[in-house]
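Labels A, B, C and D are assigned to the chains in the order they are written; within every chain, residues are numbered from 1.
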Amino acid sequence: MAVRVQAEDFDIGAELDALTRGNPSIGGLCSFVGLVRDMAGGETVGAMTLEHYPGMTERQLEAIEAEARARWPLDATLVIHRYGRLEPGDRIVLVACASAHRAAAFEACWFLMDWLKTRAPFWKLEETGTGARWVEAKDSDDDAAARWGTTP
Amino acid sequence: MAVRVQAEDFDIGAELDALTRGNPSIGGLCSFVGLVRDMAGGETVGAMTLEHYPGMTERQLEAIEAEARARWPLDATLVIHRYGRLEPGDRIVLVACASAHRAAAFEACWFLMDWLKTRAPFWKLEETGTGARWVEAKDSDDDAAARWGTTP
Amino acid sequence: MKLLYFAWLRTRIGRSEEDLDPPAEVRDVAGLVEWLKGRGPGYADALANVSVVKVAVNQEYVPFSHPVRPGDEVALFPPVTGG
Amino acid sequence: MKLLYFAWLRTRIGRSEEDLDPPAEVRDVAGLVEWLKGRGPGYADALANVSVVKVAVNQEYVPFSHPVRPGDEVALFPPVTGG
């Protein structure tokens, strides 16, 4: 059960190993990694800068994680989200959920990503061929979050 | 796009890195790792042996992977399944799907796990305090696979 | 009261944070936003369309009807785009 | 015809594979299974409940109505439990 907000990259293998090690009641571990894409809205993206709200970011991520643990029987959870300047191919976020059973691990991990997308205070500034632009929030992300029911 | 059936353990970090490296059109990577649990049906499990059908296993995994790629826009997929004797906490299976968008990555990864559970020819022999026993297939796994529609 | 601005609200207003003492008649977020709009063209531009302005008071999301008080930390920002 | 047995079908029959030449009247999986049951008590025990016996011919799942021919690789096994 951990939330980390950091500029540095993370080591997926080391993080996932640490999450399950020593707990043989875990049967399944689902994880999701978000990466910087080189295209957005038909334009080439050279880099992006992730701005965030220190303090509130951690609080919101912890609240989202607590909600996941209230909804599903989870043995371990992890959320790491980076900020700062990132280039295409760079890792942005890692979410992982471990449970005795695979359905809980899949659902909780997907839920965490969908809620994080609409609730964690991060903003992306993309550097494109035609200048820098703030990424606009997508209705599809709101719809994805709404699938999981009322936000508290 | 790869299927591997092997006795050796695998390195999750190295496998996932290799899957996305050099393809900046990937925006999301969903993975699932199945692990040996120390309890099953109320009994302690000291170890298990995974038997499989060499040749058919690879064919079935490749067919399942091809079905996932036909259903979702995937940039990369990976299935690794171990056989032989494994102990609690050991990794059994790794499934990973990379896509431009997270919903496709989550859905395809979950689909692969559900289908693999009901179609890949593996059988688990558990060593418990009361002797060795063959694990029985679960109706819940059939139900999970059926969610994804008709099997071909 | 501590005000924080993020993303394009920050760039349009021209600063990331400031300490302000709104007049006593500013009692909620809606009133605060209206008062801020009068502080200059950057504010007026940034806050022209409040349907795309999200608000957190003391680091929790709140609606525009939420009260604001001296000592609060009030953040204004566009819909989030992380993950 | 090459026969393969896995998991508890293998242990009850007492072997993992064998080459057999069923008589000409064995034309499909159902007929093959009936013929195998007559080969001894281990076969009869392993194949007593065909609702828990899965069949693959040449490494593809098939129903009991599927034809079998000389040269086929026919595998009999319980429902799978991997993953």
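The rule is short, and it goes like this: contacts are C-beta pairs under 8 Å (C-beta built on N, C-alpha and C of every residue); 3 or more make two chains touch, one makes a residue touch a chain.
Remember, predicted model here, so these are calculated numbers, not experimental data.
Student: Starting at chain A, find the fewest moves between touching chains needed to arrive at chain D.
Tutor: 2
Student: If you average the Cα atoms of chain A and of chain B to get two centres, how far apart are those centres in Å?
Tutor: Averaging C-alpha atoms per chain gives centres 23 Å apart.
Student: Taking the mean of the C-alpha atoms as each chain's centre, how many Å separate chain C from chain D?
Tutor: 73
Student: Would you mind pulling out the distance in Å between where the CA atoms of chain B average out and where those of chain D do?
Tutor: 26
Student: In whole angstrom, how far does the Cα centroid of chain B sit from the Cα centroid of chain C?
Tutor: 49
Student: Name the residues of chain C that each touch 2 or more other chains.
Tutor: None at all.
Student: Scan chain A for residues touching two or more other chains and write them down.
Tutor: Each of 34, 102, 113 in chain A touches at least two other chains.
Student: Report the complete set of touching chain pairs.
Tutor: Going through each pair of chains, those in contact are A-B, A-C, B-D.
Student: Could you pull out which chain A residues touch chain B in their complex?
Tutor: By the definition above, chain A touches chain B via 11-14, 16-17, 20-39, 88-89, 100, 102-103, 105-106, 109-110, 113, 144.
Student: Can you name the residues of chain C that touch chain A in the complex?
Tutor: Residues in contact with chain A: 4, 6-8, 10, 56, 59-61, 75, 77-83.
Student: Can you list the chain A residues touching chain C in their complex?
Tutor: 34, 50-53, 55-56, 59-60, 81, 92-93, 113, 116-125, 134-137
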